[in-house]
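Next, two complexes with subunit A in common: one pairs it with subunit B, the other with subunit C.
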Partner chain A sequence: MMMPVADNTPAFLTMAMAGAILPQLIIAFGIALALLLVAWRRSQRTIALFTGVVIVMALLANISLLVTPAIQVTQLLKVDGYSTFAFSLILISALVALPMSHKFLSAQIEVHDEYYLLLLLMVLGAGVLVTSDHYASLFLGFELLSISLVGLVGYQRESQYSVESGFKYLILSASASSFMLLGIAFIYSVSGDMSFSAVISKTIYNQPDLGVFFQLGLLLFVSGVAFKLSVAPFHFWTPDVYQGSPTPVTMLLATISKIAMFVVLLKCFAAQQYLLLENVQQFLLIFAITSMLLGNVMALKQQNLKRLFAYSSIAHMGYLLIVLIVTSEQNLAFTWQSVLFYLAAYTVANLSVFIVIELLQQQLTTQQADITLSDIKGLFWRAPSYALLMILAILSLAGIPLTMGFIGKFYILSQATIAHAWWLIAALIVGSGIGLAYYLPLIFKLFSAESSPDQNVKISVKNIVEKVLVYSLVGVSLVFGIFPEVINQLINT
Partner chain B sequence: MTLSFIMLALLVAGGVVWRAEKQWQGSAKWLSLITLALLATVFTVFVMSHNTDFTQLQVLSRVTWIDTFNIQYSIALDQLSIVLISLTWLLAIICVLVSWQEIKTNVGFYYFNLLLTIAGIIGVFIAVDMFLFFFFWEVMLLPMTAIIAIWGHENRHFAALKFFIFTQVSSLLMLVAIIATGYFHLTQTGQLSFYYLDWLKLELPLSVSQYLMLGFFIAFAVKLPSVPVHSWLPDAHTQAPTAGSVLLAGVLLKTGAYGLIRFVIFLFPQASAQFAPIAATLAVVSIIYGAKMAFAQKDFKRLVAYSSISHMGFVMLALFTFTNVAYQGAIVTLVAHGLSSAALFALAGMIYQRIHSRNLNDMGGFWQSAPRMGGFALAFAGAAFGLPGLANFIGEFFSLVGVFQVMPTFAILAALGLIGSAIYGMVLFQSSFQGTAKHEIIDLQARELIICSSLLLMLLAIGLYPTLLLKFSYGVLT
Partner chain C sequence: MTSIPLFHVLILSSLLFAIGFVGVVARKNTLFILMSLEVMLNAIGVAFIGAGSVWQQADGQVMFILILTLAAVEAAVGLALLIRMQKKYRSLDIDLLSQMKG
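Let's turn to the complex of A and B:
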């Protein structure tokens, strides 16, 4: 390690700091190299392999960081155990999405280097978001994430939905970020500091004019984030964009973007103690309850699988908001643990679901854009490994024991019970009850005996990468569902 | 250790059976039968050789599981669980026998689910960590739902969904109560605990415990089932395959009663006493409503399903009187109902296999072609309406005697249910076995004879010599 010699002023960026953001640096460097690689040789395989190597390296660097203590990197970033864990989740999601993307892209003749660049940019944005400790870095990460996602969402040009969903996402995402920017400006105008760790005196909140201004700023900021999290009433884009984007992108949208946004929201709220503000709590309460109920009710009648899981993700963000609402200063560590565990469970389940959808889409002989409920009829008898993965994922989303989702729900219920938030618990129970009414029929469909004649072909998993992915996800969801302590330990270190 | 081994063995055997059926057709049923017989023997030997008499809860193992919440894998055994587990073994074997020819598609996977359900049920009866209990509570639910949804009758998906949602939503309430009690333990003693024996020592003020008790009560009342939350049962029973109905009526309902005894009454005695009038009212309504609905049914299995609601009402009524005699009666009723309703559902399955209908209008005059079946049907119907000499009579008699000491009005009202049960019992028998013959059916085969006679023998044994069970269950009471 390099030590500054005979210089007492603190260095702007020490080696320790650089080490702490090494994963992000690797990704950033990888992006630059990937650009050079494109200039040198355009090949689908090379760029995919290169992206994979970059992500794996970042993941390894990140895992080694899990044991190091929290460190502030300049004013902008703060790397601690929580952000490192969240970034690991993000990198794993990207790693799972990569072969899926490759498979999807190699079906076309064109060489799609830019897709991988956008993917890496998105991961970088998420990496900045989870470590940010300042509104400026938050906005930077937010924009990096959004803009690359806009490119990805509209990527499949020949698809009928691509323009629609791309534009929808672009326009709404842009307005969300402008909302957020305005909110940040309001907050800054009152507090005079953009850092999360800034100490704002409690009296500001209660001042007649400044306090209102401040709270308005907060509301605008929260709605910007809520848009990304697709929390009701900012959820309208979700089903359309989920349906319209290529499945690997939907996978990224459902995992990376949600993880990063939620983590940064909690980080910001925890540091600035907005949680204690009654008005903020009330808004979040309304958001959470409407999300839980609306998401589940809307999912009931969906025939399209991607739309169904879009609505289910709205409900899940509602569940997760409960933790944010009921948390208090004393049990912040427990809050982090709950949120990260729930996010991990949610990520594994969504990755599993969308892998199955993507693989089924590739199996379809006809040029059909969407996977509907009738396509998964009798899947258990045709492709047991896919169906098993899907069943585990659905059970996890429904919060049934043996899966990670149940432990996640146990965390949320514990939090809410400690805080005596009975209304939220009631909404959660009602929401889960409604949720079962669409999760369970999905499983019944997988088991149903009759399937249309052209689907009677047995699907066999040939590709070795796919095999590894499917079986390892099955293993992960089972092992961590039965022994959740492993993840608890990881988060706690 | 042995019990954990048994559950693990059931799980592994399930997997083996599933694979084996793919290799050698027809091997699954034999393998399941052998596994169940073997494990039942292991269990018996284990209980016999243990040098205590299990009057008190014997903790068998305690291993840390999820350290964050101080959750342990802890299992224990006492006489109540032994009785119910023995019933489970018996009915599990009956289940394999009744499915022998009924299940024709995906046979391997069927037996996998059956074995898994049994593992879950055994887990429910021995878990003493509340988290573990909840875990098993759900584990037994999933394969059971699969059995209904995959191998059931025409309306199976709806029935399975209804069954699952009712149980799941109510058990979420229980989960909240479990967590709340755990954290109450934290505030009282400074340590989070989900361990049953820790909870027994907890001093809960009535203002808290009444809500906690309600969370548990609702979950168990749904499972039992008691009246306002019973509507899943007729559907689930009617649509399930025969073995599914046998298992549901025979054992799954008993987990509700078991929960009421172990967790509601023992953990929250004060709150339960306060709640007793409401519970007793619900129970009496269940008894009369179940009996009334039963004799209005045209579907053989639906009739038996409603009669189950009526019988379980007796159990709940007896439990909430907190008297020794009534407890005895409740436990005998549990076992007796498990045997008799299993027998009736098995009969329904046998008739369905012959005439492909469950409708009583399609039946009639079976006695002429199948006198042996008729004899058994008469005996089982007699058991259901509490004929002296059979086990159900003992259970109902003791329950009513116990109830009469505390709540005489309720006992008198509940006794009305007995008249109802005589009516539906006779309706069932007359419309299927008497009258003009509508079908010629084959009489009982050897396999079916074994099923019926073993169940009847058990019913007779308990009916004539109830001390067999009364002596055994005495230790549960304090």
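Let's turn to the complex of A and C:
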């Protein structure tokens, strides 16, 4: 009932293969060295600097890989242009989150080496995920990513929400990964092969007994991944965890974990041709429509900025799912291109938003845990550079022309139109319309004249690293919004 | 010796998984929730071992070893959080963890 794949790839690691996974190897080696470094000298500055160097080296190695052809690295991993691009996005997000984390951690007396270790482990997990070509490596990457995220989410011991958000994330993420694993077990027990590139004959689905388990397995697998993507109806953890975790961790949650999960989902689905199955399509359709509508509607009444952007990220994952539903064998390259472009736009916007939130949080004199809408009132008059960054990010998330978000949405719309998926298009338009109703008031708030007296202090950006971060993100969102072809060329090579 | 059909193994593992899941959803004590999570993971182990022996491959058992590792890691992280919860709230009732709303 199924044919084992003709396997030409050697089981051992050749030099060419090692070169292809060099970025991941650098990160893994960096983790081991960081452990030794902790034993040698416990200093916040040293470990932060070391982590930065490791990530930059991995990024450089990764960028040099962008032009090399796709290569299968044993059965487990497959490095191609798409995964390399996605890993670059992940490394850049980690690099942006690093100085933010350092700033946030150095406010405390304790030395927090573990934070940086967890950060590196998480990046390694994401790196394994985006290159995985086998359910076993998917599982490994998934768990590396989620378990280290649990550690990061509950990291801030003094915060009132840390235990709550840590537990919520642990229990829900563990159940989700169990669901996904059970799905993999069912798929494996019917198909007999865990490699993504295994050829599965269509007759499997129609077997009397085991066919049911295969379909159930697929459903379980999809729901496990959907949980990580915080797609409705698996989104309940998202706002609480976003709010309860330290802002740099929220930044990582919103970018790295989403990029890695979506890329691996598309990779698996494209290789296994699950998308041709009607059941899967219908489920994804329901997921996409509910998260587009629900995410945007729930965001309307949020006062807390982190919760607002949590709901907005639910809606954005719904938009992205459209591409997954309407894709077909012929336009797979275009699908990858639009997914990666959208992810890039989403990443830049989210990094910008959370940087501003974190910097504002540090400015607050009182020990206030949350940034609410009233905290950004009149921000433009106090800190124009922050406000500019925030405006660009919000415009991009809302999909206003001349931003990256607009181009990303345009790709999604054009794909959906080719596939005649009118329901999805309707939901996308309605969702974006509702989205404007909370994105635009945010911008008005930034410009509003009246602000409470204690907030009249002018915020000045002192730290040189923060200045570089803020201005380079402004530059990136402007340049790529006006010249999106640059990114497309990177993806296409 | 008659072999057990794969279908039965999968039914068994689904049942075990359901028991674990009901435990996660219904239990109030955090320690029991963590234990139910382990039950879920072991149910998956049964399915993998069964499938591996049907296909005469080592893959199923390799996955089981990975799952065991995961179970240990989850227990470690979970218990660490549990201790912090006990210290902070003097209780392991999961309903205490519902401060965030909106």
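Before moving on, here are some points about what is shown:
Assume the second predicted complex is superposed on the first by the 481 of 493 C-alpha atoms of A that agree within 3 Å, B and C clash if a C-alpha of one lies under 4 Å from a C-alpha of the other, contacts with A are read in each partner's own complex, and residues count from 1 in each chain.
In the analysis below, a residue touches a chain if its C-beta (ideal position, glycine included) is under 8 Å from a C-beta of that chain, and two chains touch if they have at least 3 such contacts.
Everything numeric in this text was worked out from a predicted model, so none of it was measured.
Once the two complexes are laid over each other on the shared chain, residue contacts for A:Leu402 go to subunit B alone; subunit C is not touched.
Looking at the shared chain after the overlay, A:Leu182 reaches subunit C, while subunit B stays out of its contact range. With both structures placed on the common chain, the touch criterion links A:Phe139 to subunit C but leaves subunit B unconnected. Within the superposed three-chain model, A:Gln160 lies in touch with subunit C and out of touch with subunit B [touch as defined at top]. A count of residues in subunit A touched by subunit B and by subunit C gives the higher number to C. Once chain A of one complex is fitted onto chain A of the other, the partner contacts of A:Ile418 are limited to subunit B, with no touch recorded for subunit C. By the document's definition of touching, neither partner reaches A:Pro99: not subunit B, not subunit C.
After overlaying the two complexes on the shared chain, residue contacts for A:Leu436 are found with subunit B alone; subunit C is out of touch. When the shared chain is aligned, subunit C comes close enough to touch A:Leu170, but subunit B does not.
Residue ranges on subunit C touching subunit A, taken from their complex, read 6-7, 9-10, 13-14, 17, 20-21, 24, 30, 33, 37, 40-41, 43-44, 47-48, 50-51, 54-55, 57, 59-60, 62-63, 66-67, 70, 73-74, 77-78, 81, 84-85, 88-89, 94, 97-100, 102. Against subunit C, in their complex, subunit A makes its touches with residues 136, 139-140, 143, 147, 150-151, 154, 157, 160-168, 170-171, 174-175, 177-178, 181-182, 184-186, 188-189, 192, 194, 209-210, 213, 239-240, 243-244, 302-304, 307.
Partner subunit B is touched in their complex by these residues of subunit A: 337, 381, 395, 400-402, 406-407, 410, 413-414, 417-418, 425, 428-429, 432-433, 436-437, 440-441, 444, 447, 449, 484-485, 488, 492. Contact residues on subunit B toward subunit A in their complex (touch as defined above): 65-69, 105-106, 131, 134-135, 138-139, 142, 145-146, 149-150, 157, 160-161, 164-165, 168-169, 172-173, 175-176, 179-180, 183.
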